[in-house]
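Take a look at the structures below.
In the two complexes below, chain A is the common chain; its partner is chain B in one and chain C in the other.
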Partner chain A sequence: MALVEFADFSFKYLGADSLALRKVSASVNEGEYVVITGPSGCGKTTLCRTANGLVPHFHRGYIAGNVFIDGQNTRDATVAKLASTVGLVFQNPANQLVTLNVEKELAFGPENLGVVPEEVRQRVEEIIDLLNLEHLREKHPHEMSGGEQQRVAMGATLALKPKVLVADEPTSNLDPRSAELILDIIANLNKRNGMTVILVEHRLDLVAKDASRIILMDKGQIIADGIPRDVLSMDISSEIGVGIPKATQVYKRLQAKGIELSRVPLTGEELALLVGEAKRR
Partner chain B sequence: MIMIEDVHFAYDGIYTALQGVSLQIEKGECVAIMGTNGAGKTTLVKHMNGLLRPQHGRVIVDGADAKNLSIAELSRIVGLVWQNPDHQLFLDSVRKEIEFGLKNLGFTPEETDAQCTQTLKNLGLEGLAERSPFALSGGERKRVALATVLATEPQVLALDEPTIGQDAQQKELLARMLMDLNDRGRTVIVVTHDIEFVIEHFPRTIAMAEGRIVADGSTSSVLSNEDVLERCSLTLPQLTVAARALHKAFPQVSERLTLLSELEDAVSGILGGTQ
Partner chain C sequence: MMSFLEVFQYTRQDSAVHNLDPRSKMMLAFTLAVISLLFLNIIPLMIILMAMLPLLAAAKSLRRWARSMKGMSYLLLFIIIFNTLLSTVSNPFSHSIALAIRLLALMTSFSIFFLTVHPDQLAQALIQMRVRFEFAFAMSMAMRYVPTLGQEAYAIMDAQKARGVELDKGNVLKRIRNIVPIIVPLIIVSIRRALSVAESMESRGFGASENRTYMELLRFRRRDWAVLFVSILLLVGSIYTRLFVTLPIWMLFQLPF
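Right after this comes the complex of A and B.
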């Protein structure tokens, strides 16, 4: 059974005049790393909110179809109940941090779920270790840089021990190095710890290499779903204005001139490598 | 147009956000300000329209010392678009948001209407004019905040992280609009982490770290300086990475290529395709 399953799901926010999601069907299995992308306003954030029950329990509206998280229908489950299965990280960490120091921030979630104190303490230490937060332990979130805040926000979410990490443009406010660090942490959680990841991101040049799959959305619908090399080299991806990695764009332009590389490159290094290979052939 | 002389600023008098910043931006320039989170970029642009006042040093805008001008007077000259649109939007329709600034600056109802319609069109927001900004997506709200300032056509347009949450097409649209304003003599300043956006559209880059300017010059020279990239937490764009990797195997490829077409031509050259 899929960990996350959208079954012909549609949603319209209360007061809105068009559907935010139109008959979305997709399933995400354990251990996958799925990147969701598409033009602004296409329904990416709504899809994230759907995965942890914020839609329809907090953001109200009209629904059709179903969403199943680890077998539970989100219509019947509360946000609190889903929180231990799906952890959501927002774009702006300041919207998510609520306490006065990092230890308290990490403990806040599990305490609220009624986890026993010894276990809470253990999880806090694990997360501090995992995300390299030791030097921030006693710091107030407002004294931290944006990148540090986002690491803490992600830590607070991971402290709930979710089965799926859903992150909605978690690096868009960060400088490039901090963004890389956060994205590396996410890739490692997936690779080493087998964490299932659903990530919304525009900057595909940074994430395509780590993702196992890309879902492309437009106007509330899924219009492509497959492995990154396939989806990013489809014409539809450039037509709707997705940020195709530059290396992939070079590949497409060369192909149009009759120059074939042996596969679709996703990074600059890979492009150089494939060109070297083609030259030797 | 804007001259900043040895400006210092500390929030709460403790955390020093700017530690002696000096720069000059001429009328009609197109300048990018880049740097680490917390480098002082936002603090700097807030000095340009009087939202913050220097605790030491001077800010000269359009020939006048900014300390003698009110925020209202300064914001007629320098329009600032905030990083977080939610700090800027407060009315219940997109059209009202755009009209608000125009009315306050004394535009007539006819002018207000014309400017509003044109701006909605330029930013691809026509279909959203009667919607509440709060029912829009993050990327759309960002464009509405931009529209409210763009509509007033200030002499200097300063944008704090305008590309956040924008897809490739919106970014292209935004760039075209900024370049169009620039062609019409407006000064454009952006604070951004988006290195590709800067390389493609901004001839001058100011790099900041820890409240100071660490480099100021042509974008190509500033962004190819390893030391600057390191200090400002910037990473090389994918095309430059590709160019450098290609240069190692094929020395005839310049390692400083930054445009898609340049790299395409270089690879065609190596693999002998039809030009």
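Right after this comes the complex of A and C.
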């Protein structure tokens, strides 16, 4: 069975008039890097909450279908029990930092789960190394920039040693440079450490090249699911208005004018290469 | 104006007092406060106050303390004048002076604790004194979000001013009414934030395990035992003195009016 498996899952928040998720079916295997995108209100955040049991245990509502995380049905497992399998990073960094310094923040999760003190210390040091947090060690959340806060928030989640990292628009409150840094860290976690990643992101030009799959959502449904080149070149992607990389847009215009490139480019460099190739032909 | 409250605010320092266990400091501060409450004569209270100065010096906070006390001088003056005028005891001025010194001594004893104990350490001390983790953590979270709330209040004030709400105009009643467009959004924003914070904490296993661990436990060292022992000795000694010993005349000295 896949690491994350949505089986015909539907969800309606208590008090809402429409379904936030309708019959969502998808699975994510170990080592994948899945990017979820789609217009505002299409249910991306709800999907993330579903992955670690916040839906239906924290956000109540009506559910149909099942979600299996590493073989456990989220209907039965508590959020706390899923915490060491699925790590969730949220949009607003300030709301994820609940202690008075970085060390405490990183230790918070493992301590909650009852990890022995020596190992908590060891994990904290590992994360500080991995995410370059040494200079922030003693800092109060208020003494850090948004980008630094988000890095710490991600570290605090990674300290739980989850099998899947789920990040819900972790960069939307950040300036472009901090955003790139965070996305680089995520891509590296996937590449070097083999971490399974599910990332909600609008700036596809920054992530499409690293992602192994893109899931496109609209009105609570998955409307496209496949490798980035396929999904981004579909007509439906431009119809619902997702942030298609410039290079891919150029590809589509060239195609409309009868110039066929050998594959779909995702970055400027790739596009230049392909155009050069086409010219020589 | 409120600068005297600085003596209750933690300052990061590397000093012998800072490095003591918060629990021994708690006992020390408690003892000093009780002793200040036991006596109401100028000389004994002065002795207590003076005895605390070396402690502040050891905490490298003497200057901060002095500055705050200067900030408090108006309040003290006020207390002395009013007490002298309204008091019914035989030597009202002398009595008022003693009261003022007692207030100083009380504040100083608590400041020795709060100046040198980080809120995190205080929370940890409470936990190790069998206070439930949730309560101790709530306290440290309050410290965490006070500045955030302040920022939010300013942002809302700016937004309302931009929309033409005149916050600092009019008489007292009008000004009080003006608080409403600040408070209401602030409450709504805070509730939303609280939900989002709770979501994040839940996702990291808050309240999951009955046997939560702590990366670092506070440890009582020999010097902490020494402080504890001395504090208890002082406490018992002064209670005994107060109840069963008649103080020598010079200690009972009063100003003549």
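We take it that the second predicted complex is superposed on the first by the 281 of 281 C-alpha atoms of A that agree within 3 Å, B and C clash if a C-alpha of one lies under 4 Å from a C-alpha of the other, contacts with A are read in each partner's own complex, and residues count from 1 in each chain.
Following the convention adopted for this analysis, contacts are C-beta pairs under 8 Å (C-beta built on N, C-alpha and C of every residue); 3 or more make two chains touch, one makes a residue touch a chain.
Just so it is clear, the model here is predicted, and its values are computed rather than measured.
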Which partner does A:160 contact after superposing on A: first (chain B), second (chain C), both, neither?
second
Considering only touches as defined above, state whether A:226 meets chain B (first), chain C (second), both or neither. neither
Practice task
Please indicate which partner A:120 is in contact with in the superposed arrangement: first for chain B, second for chain C, both, or neither.
Solution key: second
**Message:** Which partner chains sit in contact with A:194 here, chain B, chain C, both or neither? Use first/second/both/neither.
**Reply:** neither
Practice problem: For A:71, decide between first (touching chain B), second (touching chain C), both and neither. | Solution: neither
- When the two structures are overlaid on chain A, which partner does A:92 contact: first (chain B), second (chain C), both, or neither? both
Chain B and chain C footprints on chain A meet at residues 92
Residue positions on chain B within touch of chain A in the complex are 15, 35-38, 83-84, 132, 135-140, 142-143, 161, 164-172, 193, 195-196, 232-235, 237-246, 248-250, 260, 263-264, 267-268, 270-271, 273-274
In their shared complex, chain B is touched by residues of chain A numbered 13, 15-16, 38-41, 45, 91-92, 143, 145-147, 169, 172-180, 202, 205, 240-247, 249-250, 253-254, 257-259, 267-269, 271-273, 275-276, 278-279
Per the touch rule above, chain A residues touching chain C in the complex are 49, 52, 54, 58, 78-81, 83-84, 87-88, 90, 92, 94-101, 103-104, 107-117, 120-121, 124, 140-142, 153, 156-157, 160
Per the touch rule above, chain C residues touching chain A in the complex are 118-120, 140-141, 143-144, 147-148, 193, 196-209, 211-217
